[in-house]
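First comes the structure, then the notes that go with it.
For clarity, chains are labelled A, B, C and D in written order, and residue numbers in each chain start from 1.
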Amino acid sequence: MAAAEEGTAPPEGQVRVSETDRVKAFSDGVFAIVITLLVLELRVPDYHEGGLLTGLRHEGASYLAFVVSFGYIGVIWLNHHALIRLVRGTTLALNWINLTILFGAVIIPFPTAVLASAFTEGDSADQRAAVAFYALAAALMSAPWLAFFSYLHRHPTLRAREVGPEHVRNQRVRPVTGLILYGLSGLLGWFVDPVVGLIGIIVMIVYHAVTSEGLRAGPLGRLFPRGG
Amino acid sequence: MAAAEEGTAPPEGQVRVSETDRVKAFSDGVFAIVITLLVLELRVPDYHEGGLLTGLRHEGASYLAFVVSFGYIGVIWLNHHALIRLVRGTTLALNWINLTILFGAVIIPFPTAVLASAFTEGDSADQRAAVAFYALAAALMSAPWLAFFSYLHRHPTLRAREVGPEHVRNQRVRPVTGLILYGLSGLLGWFVDPVVGLIGIIVMIVYHAVTSEGLRAGPLGRLFPRGG
Amino acid sequence: MAAAEEGTAPPEGQVRVSETDRVKAFSDGVFAIVITLLVLELRVPDYHEGGLLTGLRHEGASYLAFVVSFGYIGVIWLNHHALIRLVRGTTLALNWINLTILFGAVIIPFPTAVLASAFTEGDSADQRAAVAFYALAAALMSAPWLAFFSYLHRHPTLRAREVGPEHVRNQRVRPVTGLILYGLSGLLGWFVDPVVGLIGIIVMIVYHAVTSEGLRAGPLGRLFPRGG
Amino acid sequence: MAAAEEGTAPPEGQVRVSETDRVKAFSDGVFAIVITLLVLELRVPDYHEGGLLTGLRHEGASYLAFVVSFGYIGVIWLNHHALIRLVRGTTLALNWINLTILFGAVIIPFPTAVLASAFTEGDSADQRAAVAFYALAAALMSAPWLAFFSYLHRHPTLRAREVGPEHVRNQRVRPVTGLILYGLSGLLGWFVDPVVGLIGIIVMIVYHAVTSEGLRAGPLGRLFPRGG
């Protein structure tokens, strides 16, 4: 279609639909930068002659945090990859929702650093504050995914051809699960024990890793996500 | 068309027209980097044991500045997204104009930092200087958008097929509004009150957010911009 | 094919295959950022009036390290370029393997910095530790390449049309060579002499440079790699 | 053509030709990052209350250096944009040449910083050294452009369809001019006067700006470059 070659589709009703190429390029750029900036945190330890190996071992915890953060941003990228595949075009509203999704990805290094700081240098009160802060950030991050799926559910003409309406409806389960369980993790961390809250957060990251390709309809599909 | 597959269209008169793919890729890269570099400003506060929550609350203003800057660069990206959709190809002159548009985006963190510094550490004279400096930067940023629309108006063969000549002509209202009202904000900030100038600047950011998809022709269109 | 235009191919068995465009964009973004961040290490030397030339000469070793690192990341990018050309689509499993490949590229500046530090400031024990650490990192980097070729060998439908099954099988020789010889270099560096280990590492970088386009079948092909 | 859709063209003789999409994406990423990293150099001046305006004026020279560097990298991007349009595919050799072109772009901030340092803090000997160093870097940057045009001249099948052989041959004039006149500027700066060398360098930047779209054949074409 000639209009598609020009990067613009004709308006539908009042909503202007355009291709997703720039949304993908911009989003991939943001994800690539966030995941690469993490390496700036890796530093050669200070050491006296003969003490390099000991120095590297002492920094082990911060290297582990780097690996976890790299994996977490990778998980979000895979989820975003699957998200954009659901639509055949984007609108101004979807672009704004996407910007808030990226906002959530961009801030990840910050609550992660607060958490690492609280568990290495802080006391129990700091750890409770850090877990609650992390849970708040995670809530911020789940909300725009719910907005994306809901918007797509209300605008079926934006769905990619091979995606069924019930598939989009099912995906809303994931950010709602995220909102509720990240919130619960924050409350558990604040009122019960920060480590309990932390375990809840890690469980949620793994949950988003295994469901990145989306949930399938039906009770089995909710247990066994798609993908190879 | 064979030539289009090779990434190059035949010359029109003396002007060589090429596809917009690299302009989009380069621009998206610049926007993605600027918006992500902002996170480098977010730092874990210094605190004594048990003081993390208080420390985070004290830094609240700088976190707010991060959110505003993220939104502002997002607004410029959306405007740029709509801008490139107006053309079916680019020329050397458009590439230079685009570079000056990107220049405006890249410097945003700097006048923002000057403004934040003046309102947290400076006196009234500093605040007046910072608002005037910000207004000067905003004028620099509006000028190339006017140049883009004017160039496109004079070279109708570069217009994307579904874009009418009157649409391009109408868009010139936006950067002219920006030039005049940012300038006025600077003068108000310098001669009257820095806070009055600041309010003018924030109003203009919101104006560019709601008109990112372009102004529609006619008096109603100027009030109600396109887009979903 | 309509489905391909939408960025999604129909599922094969249970595996969902999608286009490689976002994998390429994300990977290129990561490589471009890692290779450019290296320049942040280049600093104007401290000098007294008239001492700039001497100062620049003193920093010669760190400038050489910059050149080597730039070339190394370039080699990995060329290998990745040839790797992605082998497949006609990507799956969730390939995306995860690709993320671990990128992980290896992103950490390069860190073991390189440890190595440079050990050979300029450390003693023999530090140098042995640094060479062993580098060899460990190199093993981490070879493993996902082996996983990629093995996965592609087991899923022939993912192969690009012009790539034969024996070509994919042959490529597994390269990461296996990397795993064994990087490991051997680490053991030699730790137990014999760090310089011997270092020479082994440099030989392996050159090996990956000349075989970036892949090994050809047959004994001659293993000596004379493809490419122009 | 089916093979082209897969991102790979059939081999020609022994040389494997592939599409330029990843070369463009990787190069645009590098250019976008280098041009954006410059903003990290812009800092709010230290000032006492009421001294912000004075502080900003004092930093004027470094802000000018930022503008010049932004323009210079923009010029190289435009030249690269036109360079890639000359070819219909890339080979391993062209990829290596492109990496050395990017190397030249990535290091720009460094000799620029040395130059700025020498002219603000150094004496005449430092300035001579800095101008000679800058000229050496500029020679490094011109050489791979000559290699690119020469390789393309020797491999006419790689030329984009609408590009004539004499056009490619003519382009070699530009990097040769760069090599000779940057070298001459270095010698003039070292043996005569650093300011004379500096003027030569600035003239060369402007020369590459106005010839970014390539030289036209014939004596007039050499004076009046193509482009809009």
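Just a few scattered comments:
One rule holds in what follows: a residue touches a chain if its C-beta (ideal position, glycine included) is under 8 Å from a C-beta of that chain, and two chains touch if they have at least 3 such contacts.
As the structure is a computational prediction, the values presented were derived from the model and not from experiment.
The angle of the rotation superposing chain B on chain D, based on CA atoms and rounded to the nearest 5, is 90 degrees.
Shared residue numbers account for under half of those found at the interface formed by chain A and chain C, and the copies are therefore classed as meeting with different residues. Chain centres were defined as the mean of their Cα atoms; on that basis the chain farthest from chain A turns out to be D.
Chain A and chain B, compared by their mean Cα positions, are separated by 27 Å. We define each chain's centre as the mean of its Cα atoms; on that basis chain B and chain C are separated by 38 Å.
Within chain D, contacts with two or more other chains are made by residues 25, 28-29, 32-33, 37. Of all residues in chain A, those touching chain B in their complex are 2-3, 6-8, 10, 14-16, 18, 21-22, 25-26, 28-30, 32-34, 37, 91-96, 99, 102-103, 106-107, 109-110, 113-114, 117-118, 121-123, 125-126, 129-130, 133.
Taken in their complex, chain A has these residues touching chain C: 20, 24-25, 28-29, 31-33, 35-40, 42, 44, 47, 49-53, 56, 67, 70-71, 74, 77-78, 81, 84-85, 88, 160-162, 212-213, 226-228.
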